[in-house]
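Quick one: the structure is below, and I'll ask about it shortly.
As written, the chains take the letters A, B and C, and residue 1 is the first residue of each chain.
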Amino acid sequence: MVNFLVRRLLFMIPVALLVSFVTFMIIHLIPGDPARVLLGESATPQTVAALRHQLGLDKPLLTQYVLWLGQALHGNLGQSIQLQQPVTQAILQRLPVTAELGIISLVVSVALAIPLGVLAAGTRNTPIDWLINVLSLIGTSIPNFVLGLLLILFLAVVIRPFPPGGYVPFTQDPLANLRDLVLPVITLAAGAVAGNLRQVRASMIEVLSQDYIRTARAKGLRRGRVYFVHALRNALLPLLTIVGLQAGAILGGAVIIESIFLWPGVGLLAIQSILSKDYPVVQGVVLLSALSYMLVNLLVDVGYGALDPRISLGQSQ
Amino acid sequence: MSQQRARHAFSLFHSSERAAERAAGSSAARSAASRWRKPLLTLVSAGMLALSLAACGSGGSSGSGGGVKTGGTLNVGLDSDAVTLDPLKSTALVDRQVMLNMYDTLVRVDTQNKIQPDLATTWSYPSPTQLVFTLRSDVKFEDGTPFNADAVVANINRILNNQTSPRYSEISSVSSVQAVDPTHVQFNLSQPFGPLLAALTDRAGMMLSPAAISSGADLASAPKNAGSGPFEFSAWVKGDHLTLQRNPSYWGKSASGASLPYLDKIVYHPITNESVMYTNLETNTIQVADVVGPTDVAAAKANAALTYKQIAALSFFGIELNTQAAPFNNANARRAVAWGVNRQEIVNSVLHGVGVVAQGPISPTSWAYSSKIAPYGYDTSKAKAELQAGGLSSLSFTLLIPSGSPANAQEAQFLQSELQAAGITMTIKQETFSSLLSDSASHNFQAALLGWSGRPDPDGNMYSWFHTGGGFNDMQYTNPQVDSLLDAARVSNDQTQRATDYQQAEALMLQDAPYVFINHGVSIQATSKNVQGYTVLPTGIMEFAQVSLG
Amino acid sequence: MAPQPSESQREAESLQHMGEIAPAAEVGEKVGEKVAIPDEGERSHPTFATRARSALRAVWADPRLICGAVLVALLLMAIFAPWIAPYPPLKYHPTIAARPPSLAHWLGTDALGRDQLSRVIYGARISLSVGAGAIVLGGLVGAFLGILGGYARGWVDQIITIVVDALLAFPSLILALAIAAALGSGITNVVIALAVVRIPLYARLARGQTLQVRALDYVTAARAVGTPAWRILLRHIFPNIFSPLLVQATLSISFAILDESVLSFLGLGAQPPTPEWGTMISDAQPYLTGATAPWMILGPALAITITVLCLNLFGDAMRDRLDPRTAGKVDSASLASGAQE
């Protein structure tokens, strides 16, 4: 177990290095000069050159990368070119927003997926099952930016119970915060609910067909008890993997949602930074996202091993 | 305001000035574009709103100003968050919206773009290279430091000692500055420079307390008590809101002698999506919006609870043509495009009227404007005649536009269709804004949809764009006659002569057509009906010293 | 939630169902079954009537197969767009801009007065070709890397695994966005960006399969008698891993199409005036508020949703048919299989 953990953690190092290097190179391939963009206006070539020098943009690419890496290893992710603040600060400021959106969406998706999945499995091949399946398919198939725009159209513009976008920190106004949350969470959770409930349904069907469940039913245990206590516990294992993967990829999903609903989170920061070539920020966001993805994957594996003794952690891959 | 918006062609961009200002297309139109990808974020939620509205309801009391109501909180929507509040470093136009309510400048511009007194009451040129200001003697900074000639010297030297400041090049004609006595300060110029006064109406002329500067306070994000303006810095939660509060010791008085400002507080909310912005204005979540999307303008005008007004701004939008590369190294090809553009239809259909047809770089609100200069209408037969005169059997080219802006894309498709009728084939290519700026600056383009937010002084709309080697002369345009006229106008302090020079230069330049002008942006007032005393400035800056909530 | 997790889930699922968990012997059988999908109708009397009847029976047994027909219809729509579309997709008419749906314009007109229905029809061309292109390109490169790693083992495998893990650790949309921004806007570059993002899925799948097939007796034997590696790869490995890759490909075209529309939505994909669904949605966005022309979004939104829905369903159905393990476990008559996307 310890061996496994150490090996996995060590393996993350080359992967993280590669991720940061690739990001660095891609961003530098984007045409444009951040110094020029930043200075704007009547900036003379000398001023631009001076700023480029100050930002270290005049050094060879590899040198720039090595310098960045050296700083990053000391926990210093550099200074944002466009925001004029440290990258770490820029990310930390926005992280709670993305985390709130992501975590609540995950919780909502699991909270809806489990009962719906169990219901679908229990009413297999009936109209209820059929309806749930159709809804879940639509949920996975509708692009989330389309869903977001449609929600804005119907719930924020035509009738107006919800604001079309924006974000108020929970600490400042809990009620407003929750109201702002509704549409983005629906948008982000829709796909996940669909996926998760189909997983729950499939696992439940599989578990329910097994002998011990039949025995339990035959012994006269109540249906609800059999479903939720005996069957569900075993059906949840595969769900864990999927939720783990979803958690690791929150940022990817948040990009579009945050853009549509104007949430000042890390996803929006990422898009802005790519488009303005603010590479220190892109580096920071991608690195953060990649590390959290890998860590969550590791946690899922560990959790899986803990929950299911049949799985040995010794043999990965 | 919208004029500034103008450049937000590409909204996801942190609005650096160049990014911001050089948007393509047309002003507010752009905005429509801006939509959801704009950067920052938040707006006030209704809940919070409710709180602040309650505040303004209860806090308001009828005050001295001749029946003008004092007190209250004004919620203002900005199309992006401010970046920095230090005028030395600021490059984002949105910064000015906040800073000009916090800091006083030496001189200011009025609705006619004329220079008016602010901290300086009068000014004179003892010689063409000497500019002397007489300063107010009754002004104190919020931290108690008196405002005087030494304070001006400290502020100007701060710029002169900092070559990487965007301000440096704005006042590079200043070689030194000296205090004559506490109320007189003299600028020594290396050469005469007509546009200098206009530069001092903006960030280069903002006066901060020398004590605050030398204390090393965080001027960029928390400039507490650093200014002398109508409002002082209170709090800033980046991406969420920025609050200014009334400066109780502000020196300014209303026309009737009442103390200014009337408002207790201004809360700025970055709202990067125009639809969201308008919805917030409609629901009175904000009382002032700095931009209204063209598709919402009709609704805003029709809404009895809102005031919507627009005037021509200083910006211009159109197409840069690379005069040193095929096919536009042929002047006939450039003029053919200029004849092939139906400006009025673009203003009507793409901008929904949120724009003014442009014939040249100088806006109708400028003192250098001449309505006689109007060389190009929409005439496909003249376009075809130009092609023929230039020996061109056909003309095809690629137009670069900023990605992520439906309004720009829409305008480009209109242009494409109009030019097609004149026998010109245009291909559209979208690029991220930083790529677009980079390609145009390195002259790696045939045509680019790029505009300019404009400057109060005509020099700012002419020199760097159309003088040989000018900073924005992406077109590589060169005409010695135009150059000498622009040079002459720049070193003159005689406004009448300067206006004549600019008009001559403009007429000559337009004959060469290095840039196809399409429209000017507009400055708008989009406020709740109870916002009183608001004046729309061509610069688009929203000044709140005289504003009250009726 | 986001495309990425879903796709990773699919991958996890595919690996579970088709790959490493299944015992090696089963792989061989499975392959045999897959190569020729036996259809009773075709075997006995290939007359039109029996064929039609058996097709109907198949559809009755698995309604998801209807989606195949819808996909074919979409494909035909794309190919024959010039004949089907009621109006030229590029011709603009400012006088009838932003009109609501009517008999003359079933989906209304856009901001430039162009017929939305015609643009939706033409838009299928971009979406389908980019989706397919990205999958083919990403699949080929991914399969190559996976087979190489799985067959060669050792340090080659280690390096490929690190590269694949790194690609997988990227937030996929952010990576695609960055690549598209770096390469410049345009359809070809979008295909490349979306292909790169998909490489790791195929590489992992191919690697797992290769590892198993490589361990099969007859492959070991072939190696023992000195059969050249390329021959083993071509004759034994590739045919055996083709089917799972194909299933994975069908399942992920929909994600490529979604991502393509997002990139176009951001202005990095199809260039105006090319009709494309994501761009059309983006163009419609300013018209959502003020109730100016909110219907403008419906045409492209429906088109993209239906396409993705059908690809998902059809992919599911195909997996069930091609993969006996899942097919056996999950009732194939149910509309949605238990398989996870």
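In the analysis below, contacts are C-beta pairs under 8 Å (C-beta built on N, C-alpha and C of every residue); 3 or more make two chains touch, one makes a residue touch a chain.
Remember, predicted model here, so these are calculated numbers, not experimental data.
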*Pair of chains joined by more contacts [C-beta pairs], B-C or A-B*: A-B
*Which chain wins if you rank chains by how close their C-alpha centre is to the centre of all protein C-alpha atoms?*
A
_I'd like to verify one number: the distance from the centre of chain A to the centre of chain C, where each centre is the average of its C-alpha atoms, in whole angstrom._
22
_Between chain B and chain A, distance of the C-alpha-averaged centres to the nearest whole Å_ = 39
*Approximately how many whole Å separate the CA-defined centres of chain B and chain C?*
47
*Touching two or more other chains, which residues of chain A qualify?*
30-31, 152, 157, 164, 271, 275
*Spell out, as numbers or ranges, the residues of chain B touching 2 or more other chains.*
36-37, 275, 279, 404, 431-432, 435
_Residues of chain C whose C-beta touches two or more other chains_ = 181, 184, 266, 285, 288-289
*Spell out the residues on chain B that touch chain A in their complex, using ranges where they run on.*
10, 12-14, 16-22, 36-48, 51, 83-84, 89, 91, 163-164, 166, 168-170, 220-221, 237-240, 271-273, 275-276, 279-280, 283, 404, 431-435, 437-439, 441, 464, 471
*In their shared complex, at which residues does chain C touch chain B?*
92, 94, 97, 111-112, 181, 184-186, 266-268, 271-273, 279, 282-283, 285-290, 292
*Given the complex with chain B, which residues does chain A contribute to the contact?*
30-34, 36-44, 46-47, 50-51, 54, 82-85, 93-94, 152, 156-157, 160, 163-169, 172-173, 175-177, 179-180, 259-260, 262-264, 268, 271-272, 275-278
_In the complex, chain A residues that touch chain C_ = 11, 14-16, 18-19, 22-23, 26-27, 29-31, 105-106, 109, 124-125, 129-130, 133-134, 136-138, 140-146, 149-150, 152-153, 157-158, 164, 188-192, 195, 198-199, 201-203, 205-206, 238, 241-242, 245-246, 248-256, 270-271, 274-275, 282, 285-286, 289-291, 293-294, 317
*Of all residues in chain B, those that touch chain C in their complex*: 32-33, 35-37, 274-275, 278-279, 293-296, 298-299, 345, 348-350, 402-407, 409-410, 412-414, 416-417, 427-432, 435
